[in-house]
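Down below is the structure, laid out as structure tokens.
Chain naming follows the written order as A, B, C, D, E and F, and within any one chain the residues start at number 1.
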């Protein structure tokens, strides 16, 4: 019935995030969009590793049975920390941009002229 | 049946939270929506049998990300420019 | 940020030890239960961020210098890579889990299959958990502290 | 409508369609097609690394170098943020 | 196992771990003394250079070297991370370390007056670590992690001069672009993982089926890596970042761009190596098209620029086009089987990677020297500098000849290979490439005229020659350029040809891993 | 150590060759010819006298700033002809990050259409 709905959610999150990056004019909104793309990719990895009726891959007092795949979970952990690192750097840059240009509008910064 | 419903409803809520996060004009509100999305994502990770990732996403995504974003909004300005 | 009211400060100081201890618990039991260096470090750093919010960034910056935090982070990273190098020295290759199966600390191997295991297992993994935990605590808190301090300084002007 | 919007909408729809095909054509939800690597890890993690948590054994043992890289990413970000908010000589 | 053998066996990991260790220790040395820190950073990089050269010698003589993390032997589901170093990886690693050493030496005087130098040196070492990791690794996810290390440290360094709005903005653009690229790379890795349950490049290449999902992954990876490598029309971040970063950072940024290009090559030749020719639209022709467009756009935009660093940045875009053209021609002509002409084109493209790094790097160093001496990069305000800056002028002339591909500099040798092989593919391509080269010469002669020649301007009377460390850094690159130009055959037979052969021989790359696991 | 002969080897390109040493010898010969021609020049030319000053049809010399041909004036006519394409390309470089990402999306879309549709995989 659900027919891959978590996977569809992944695609939807990525498209929504890309939409925010391309169409929203506010720099912080763009960063929120990037965070949403990242969430989508993380969800994709975890969903790939899910097995129906499985338990978490931890042996400590586990009820036994098939386990979901551990590798995507490890990859996602890495990806989450990378995400927060990138986010911190981007926001620091945005604060500096605001100090120089006094705006967060993406169209008002940039341009070729000096 | 109930399992399938959960796997349908929570991703749907995540998508809705994401759309709300990018549509709201008030940046602080959209950050809160993002935090809600992170929390729901963490719940989804938990349901998908990834408690490790769920803890990390709740701690990093819902708490620290929000803190940094709120700080950045405090350092810049709150409203998205009109037009 | 000059800090919040007295009520907030009191509640924070009461609740903060629990959060920090929970964070340390998650770090220490990373090889047995869900959690590990990153998750516990993130929880611990969240607790510290609570202090930052309640007491204000200027106060926090006076107590914990950003330089000390980056030093601590360098130390954590250095410990991590050192443990990896010890795998090369005592074991055979980089990142070798040379403690597992030995009789020294963390050397025991748990019984196969589900069940409870001793905390004294998993070789170098708990050590790495602590190194990464230290690094993540210092790193994440340094990021938030530096940003908050810079923003509050800017507002004063 | 300006040219940018038209190009954006066209390309977005193409990308969206292909992403939807991607997620529909991947294996059905909850039934990964090939799992040799992970089954190997699940069955050997306890004896290989002594950790009861298979995810931790992947993070710190099997793919420990990734974790070092991840720690380095965090270190880099902290260095970057501290550098960006440094005091500069006037 | 004696010491030498131990060293050689572990050299892949030392090449990455030692700069990483240096980066972790740099803040501690920085607390003691500034000079000590600089010496320490240069010392670490020189050790790394030595290791990379030793590793390259070993790889060229003994074939592919692998390194397994955490265990000594490998069983068939490859669960551990592997380093797999072939001649191509070594070739790129050599470029990265040479540029990093030169950048560190150059920074000694160039960055002296800035604050925050502890972090600057840390980030520079981390950036080199990231590039080396990208180039030596044999694991897709590990590649992604090092890609992120490289992008984060580069973005922070691009924004180093935080008191200039343009620098910060360029850094922001760079981090946004590279994050989005990296996220799509991660998505493609997840697609591979979901289908083949493997993260190792060789295992993926062995079992790849070229299904619909593989094509999606191919497109996303080509798009993301092309964006990071600065291929038109995804190059737009590149002039911003190159021209607004400090010159020493730009030098390493060139190498970082090429590390992404290496990822593209690894993707096309190794992972999709068996399947790429089956596609009806040849990836090779696509690359040729990209290459021609990149050359033309870079050169035409460079004509119009009035800012020196931005002009060089657009010339760098043009030079990237030559590499893509060479590699694409190689892919096209090799489609049924490996042919001599295809190998020549590939050799030209690969050799041009190194030459571009050196030539464009020297140009940026000269631009940095002009900026250091005069605090000015606008071509409209510069003039008559040759009177006071004789050595810098000489280095600029060497760079000018090299960039525009005139003998006896290195640029000529690689461009000759590219021209001759593309002429066999389609004469029009070769003619366009030669014309663009002539335009490049014209552009840089314009720079030579307006910055160095002309009457002595009164406001530059006080200008002095730049300090010795900067001259030394430029002299290193200029020396390499001349040696490569006068003895191109040595370089080609000893470094470039093994790299091209390694790239083509994806069966060898795969079977090396399979032989380690006991299979095949 | 590398044998000396290998330094002298010719770079074979498949269809042609290139020997830098021959080229260097040619350049040295050309330089010698230039020096010989230079030797025929006037011997009474002295530096630092009024001989070296510019003569602009009797007009006084402009100051150095005006004498210098600036960077944007070199190849003025040339870039004037190319103006249409330069303006077109400059319009492409908006300096807007959203546009950069949009270009990425467009290229991805084009690659999707050009690589996947002809294969008929769907």
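The criterion applied here is as follows: a residue touches a chain if its C-beta (ideal position, glycine included) is under 8 Å from a C-beta of that chain, and two chains touch if they have at least 3 such contacts.
Values in this document were obtained by computation on a predicted structure and should not be read as measured data.
Shared contacts of chain C and chain F, meaning chains that touch the two of them, come down to A, D, E.
The minimum number of touch steps separating chain B from chain F is 2. By count of C-beta pairs in contact, B-C exceeds the other of the chain pairs B-C and C-E. Distance from each chain's C-alpha mean to the overall C-alpha mean is smallest for E. With each centre defined as the average position of its C-alpha atoms, the distance from chain C to chain D rounds to 22 Å. Inter-chain centre distance (chain A to chain E, centres taken as mean C-alpha positions): 28 Å. The geometric centre of chain B is 18 Å away from that of chain D, both derived from CA atoms.
Taking each chain's centre as the mean of its C-alpha atoms, chain D lies 25 Å from chain E.
Counting partner chains per residue, chain F has residues 90, 93, 95, 97, 99, 101-102, 105, 108, 112, 116, 122 touching two or more of them. Annotation for chain D: residues 8, 12, 15, 18, 21-22, 26, 29, 32, 35, 37-38, 41, 46, 52-53, 55-59, 61-70, 72-82, 84-85 touch two or more other chains.
Within chain B, residues 7, 50-52, 56, 60, 64, 68, 71-72, 75 each touch two or more of the remaining chains. If each chain is drawn as a node and touching chains are joined, the picture fits none of the line, ring, star or complete shapes.
Every pair of chains meeting the contact definition is listed here: A-B, A-C, A-D, A-E, A-F, B-C, B-D, C-D, C-E, D-E, D-F, E-F. By the touch criterion given at the top, residues 2-8, 10-11, 14-15, 18-19, 22-23, 47-53, 57-60, 67, 69-71, 73-75, 77-78, 81-82, 84-86, 88-89, 92-93, 96 of chain A touch chain D in their complex. Put simply, chain D touches chain A in their complex at residues 8, 12, 15-16, 19-20, 22-24, 26, 28-32, 35, 37-38, 41-42, 45-46, 52-55, 57-59, 62-63, 66-67, 69-70, 73-74, 76-78, 80-81, 84-85.
Within the complex formed with chain C, the residues of chain A that make contact are 56, 58-64, 77, 80-81, 84, 88, 91-92, 95, 99.
Within the complex formed with chain D, the chain F residues making contact are 99, 102, 105-106, 108-110, 112-113, 116, 122. Those residues of chain A that touch chain F in the shared complex are 18, 21-25, 30, 106-107, 109-112.
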